[in-house]
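Worksheet: the structure to be examined is printed underneath.
Labels run A, B, C and D following the written order; every chain starts at residue 1.
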Amino acid sequence: MSPMTPLIPFLPLAAFAVNIFFGRKLGHKAAWVSIGASTASCAIALPLIFQVAGGAHFAASARWLDLGGRGLDFGYLLDPFSATLLFVVTIVGTLIQIYSTGYMHEDPRFSRFFAYLSLFMAAMLTLVISDNYILFFMAWEIMGLCSYLLIGFWFEKDSAANAARKAFLTTRVGDVGFFLGIMTLFVAGSSLRFEDLAATVKAAHPVLPAAALLIFCGTIGKSAQFPLHVWLPDAMEGPTPVSALIHAATMVAAGVFLIVRSFVLFEAYDAAMNMVTMIGAITAFMAAFIALTATDIKKVLAYSTISQLGFMVTALGLGGLSAGTFHLMTHAFFKALLFLGAGSVIHGTGTQDIREMGGLFTKMKHTAWTFLIGSLAIAGVPPLAGFWSKDEILLTAFEAGNFPIFALLCLTAFMTSFYMFRLVFMTFFGKARNHHIHAHESPAVMTGPLWVLAIASVFVGLPGSPFFNHWFQGFLHGHGHHAVHPVNWIVVGASISAGLGGISLAAVFYLGQGGFPQKVASAFRPLYTLSTNKFWFDEIYAKFIVAPFNGVGRMLFSFDQKVIDAAVNRTGLATLNTSAFKNWFDKYVIDGFVNFTGHFTQLLSALLRLMQTGFVQHYLFLIFLSVLALMLLEMRL
Amino acid sequence: MIPLSHLLIFSAALLVIGIYGAVVRRNIVGILLSIELILNAAALNFTAFSRFALAGDQEAGVIFTLFIIAMAAAAAAVGLAIVIALFRVRKTIMSDEINLLKW
Amino acid sequence: METLDQIFVLSKKGILDFLGTFLPEWVVTLACVAITIKAIAVLGPVTMMYLTLMERKVIGRMQNRIGPNRVGKWGLLQPLADGVKMLTKEDIVPHGADAVSHFLAPILIVIPSLLAFAVIPFGRGMTPVDLNVGVLFFIAVSSTTTIAIFMASWGSRNKFSVLGGMRSAAQMISYEVPMVLSVVPVILIAGSLSTNDIVLAQAGWGGLKWFVFTPWGFFAFIIFFLCGVAECNRSPFDLPEGESEIVAGFHTEYSGMKFALFYMAEFMNSFTVSGLAATLFLGGWQGPFLPSWLWFFLKTYALIFVMIWFRGTLPRIRVDQLMGLAWKFLMPLTLVNILAAGLWYFTEGAARWLITASILAGSFWLLTKLNRGYTPEKRVYLFAE
Amino acid sequence: MLPLTLLVKAGLYLIMAISLLAAVASVSLPNIFHAALALALALLGIAGIYLGLQAEFVAVVQVLIYVGAVITLVIFAIMLTNRMADRSTPAKNSLGAACLAVAAGLFSILVRFIRSTPWPETTSAPAPGTSEIGQALMGPYVFAFEVISVILIAVLIGAMVIAKKDNPGEDAP
């Protein structure tokens, strides 16, 4: 119980209100309103997080709605999971907002941007600390709205507007599932509070597996899992800080967090767990495969994000609750770093196509170094953050005995380090390919957050490493419940070799002069085509979902026009004719009565109004006359 | 000292003169003037009564007179403000020409 | 010394004693009244006559001229000559004038001015009528001047006259408020409305314990005097007769003796206002060494000199400045002043000086800040240096 | 001192007569400006009667407020509203004769009442002075006094608001 907790989301909400109403007046000061609110939230949250780390547990709730004996409660819950996310969101969010002041400096809708960011922060923080599905869902939807608004922030561009619409509609599919899941849970007798979920599961209502799968739909939509992953690459049309904050570090992680919150439910049903594992693994592999050939710097990172989210989902599906959460946290830091670095590169060069970059290392030292650290982290090179968390996931798969998945994940990890270093080498090393681009280093307000995030990317994995005796995992599970595994050298070896192998291969391909990329592409033409066309997902959707819908729509439209409108028109004509008759009746019969009444009243009032002249002096005279009359009356008596 | 009844008759005369003016005058300012006469008749009565009252009760009448004077001044101020506002809108201050809401 | 001080009182008493030897008592009472009235009726016009001379002389000196110097020694007979000229001039009544109003106005305007003399204490025991509401009487009587001015302006059937009359009415109503309020502290401290009592309340310190030497008295004196100048329609508040704008204001259409009466009323008003200011704030006839009536006239003429000095120094102010000064500056200041006087009454020693002075200085500063009205743009002269 | 008392009495009756004449003039004069002047005269006469009743304070207040302020305001209003040569319209409405009858009736009844009531003949105590009035205003009547001051403030603001021009630009016909 901490009275300050509700302030954490409310401060950014207040900043949103201020910026949306007074943003025009504030101008560039709007940024400081938002950053101030986030910083204050962070300052409130950090002591609480440390208290949670020390074993505290904050929760409070109040009845919001009474539904025939059962009720919906609103409240907050600060347990290790939400504390972890709170830590990530407040710190990364604040840093990204600071970065945005530099990135968005020239934008005419500067204050609007920060208003949206603040609204997003408020929603995300609400989601993190909420203790029930309803509040969670509300925050979830507000985040969806913010995502829509921010992807389409430059709505003058058609591509941005379309991407925003695509993101919104695609996630909506998942959200509908999620909401149905919540309702199913409610039908199954749950109070919808996370803490009561275990009891609900124990009751073993037959619809619970369906509820789990439906809730997983929400994750698929929000966390861009196969087959609803198509919106995330397009979402890169938004400003880069948005990509970093929403589409890499926090919002997409909310889907994973949803599974974490509902883990008790999933755990109870093998089918659900298998489904989660399958989807996660497919997503991880497929996205990594597409990333191999992507040429847009942000798209590479987007597919990488999808892939890493697939990792987390897989881990959760295999029962690795702590592994998934751990990776969620480390990924937030290094992916935010990578996106911000990408943003810095875009800011400096003005292009997003890595084929036009090259040799930027000397020109953008800070960006390059931090980007390199981020890439090493994601590639899983020890002792950086990504290594520890990815190793945990691989270990989970290994210990689950699910070797196909383990192999797939190892392959994916290899591909990850390959495509990341393909990106690094093409961007920062070699020679400049386009001589029209004059790169320059970004301002300190952008490189500062980069360095902070880089340092975090190096060290944030350590609490989960064996050096700290897997403190983080213990923290998540409640100290004492977590059995510490001995180090599994097979997994460590697989992991390190996958990471280093990918890096070396990339170095051979893209630093050497062998022209390997073209050769490999022509050698494996079908696979290359599959990757560059992203498994034809967009085309399939367009042909088999959008087109039929449009067809049905057109059909319904013509039905509307020819049948229903005609009926309406006929009805109208009939009414017209009827009313013509009524008009005649009204005019000559009913009006006749009315007019007679009126004339009669007028006749009477013409007599009566002689009393009421409207002149105040006549009334005055009448008053005095009455006084005189009363006096005379009094005298008679 | 002149007897109280003479003062009362004097103020009664002022009263009826005021009444006559208030009813008969067409000019609204004239009506206000007549109302001032009526108020003065009342005020005079109060002071006259106080002068003929017992010791200790005398302040009441005088204070009533002062209050009446204050209220009369207030009424005149508001009344004349209304007259001026009216004149600005209607260009007349004859009471029987201001008949827009008559019927 | 004592006889010199009481010379007028003693001479009146001598006349009455003489009459008492052969006339019934009620005739003597009437005679007492008549003598006083006669004295005032002589004093008023004579004062006016020599004030005109004084004004012309002083203004002349201030404008590097000599002033009247042809009729009599130092032009001392100039007022008589003027009077003769006025009396022999043609009396013009404009066509279409409201004859009654036009005729009555100059007469009516003199009456309040003369009545105001009744409550001025000219010396020890020399208050013509020691009314117990003397100060209020003075203010009430001087406020009726407005009606005479209205009659003059309306009766003349001249638009300049009407404009002057309107300006006069607005000005007099406005300045009466701070004037009355500035007198209130004096009444509070003296505990009486009678002018005589107020003078007596300033006795002490060898005849120098004047109210003007207290913080509230100083502010009240300045405000009272300013309002008095405005009530007399004197420069720099002479908008009702501003000759450069509306010819001569409400007395544009008057000539000859009627015009002279307006002039007389104005000068008598200056005299009575100065006299009352001297009474209320400068200790009246209190003063060391000299006879009391001499002290009174010295103070009064000093104040009249200041009025003439104003006229020689200050340009006429605009109408909005005039109204703003009265309502936005003087009136709040007088209200604060009443508060200060109350605090003065309830405190002792050096603290009362400190408290009242700081309150008044603070509010003066604040009001000056708040009234920092609009200043027109600096003019640009195209072809001049 | 008898002759002097008689003189004062005669003076008071003279003032009454003048006041009544002025009052009649103020309701019957066709020229509203003259009517206002006549009213001023009547009010001055009433102030004189107050003096005769030894209520100096009331008398002075009467002059200060009525003659100095109210009549001035009235004349101000007359000047603002009447055109100077507008004497063609009749000053009275058609109720003249009827109202005269009513007024006469009221007056005769009032006089009958007044004459038939036994009034106290003499004044027993000295009239209250200014300080007594002040004490009473600040003592038993302080609430009424405060109410009056609030009303006066309200009137001040109200009169300003009513008479203010809404839009200076529109008002120039």
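Simple rule for what comes next: contacts are C-beta pairs under 8 Å (C-beta built on N, C-alpha and C of every residue); 3 or more make two chains touch, one makes a residue touch a chain.
Remember, predicted model here, so these are calculated numbers, not experimental data.
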item: Third chains touching both subunit C and subunit B; value: D
item: Comparison of C-D and A-D by number of C-beta pairs in contact, larger one; value: C-D
item: Distance between the centres, which are taken as Cα means, of subunit D and subunit C, whole angstrom; value: 28
item: Distance from subunit D to subunit A - Cα centre to Cα centre, in angstrom; value: 81
item: Chain centre separation in whole Å, for subunit B relative to subunit A (CA means); value: 78
item: Where subunit A and subunit C are represented by their mean Cα positions, the distance between them in whole Å; value: 84
item: Contacts with 2+ other chains: residues of subunit D; value: 57, 61, 69, 73, 76, 93, 95, 99, 102-103, 106
item: Subunit B, residues touching no fewer than two other chains; value: 19, 23-25, 95-96
item: Multi-partner residues of subunit A (each touching 2 or more other chains); value: 615, 617, 621, 624
item: Chain pairs in mutual contact under the definition given at the outset; value: A-B, A-D, B-D, C-D
item: Touching residues on subunit D, where the partner in the complex is subunit C; value: 1-4, 31, 33-34, 37, 40, 56-57, 60-61, 63-64, 67-69, 71-73, 75-76, 79, 84-85, 129-130
item: Of all residues in subunit B, those that touch subunit A in their complex; value: 19, 22-25, 31, 95-96, 99, 101-103
item: Of subunit C, residues touching subunit D in the complex; value: 24-26, 29-30, 96, 98, 100-101, 131-133, 136-137, 139-141, 143-144, 146-147, 150-151, 154, 157, 162, 165-166, 169-170, 172-173, 176, 193
item: In the complex with subunit B, residue positions of subunit D that touch it; value: 9, 12-13, 16, 19-20, 23-24, 26-28, 32, 35-36, 39, 42-43, 46, 49-50, 52-55, 57-58, 61-62, 65-66, 69-70, 73-74, 76-78, 80-82, 89-93, 95-96, 99-100, 102-104, 106-107, 110-111, 114-115, 117, 119-125, 127-128, 132-133, 135-137, 141, 144, 148, 151-152, 155-156, 158-160, 162-163, 165, 171
item: Touching residues (chain side subunit A, partner subunit D) in the complex; value: 615, 617-618, 621, 624-625, 627-628, 631-632, 635
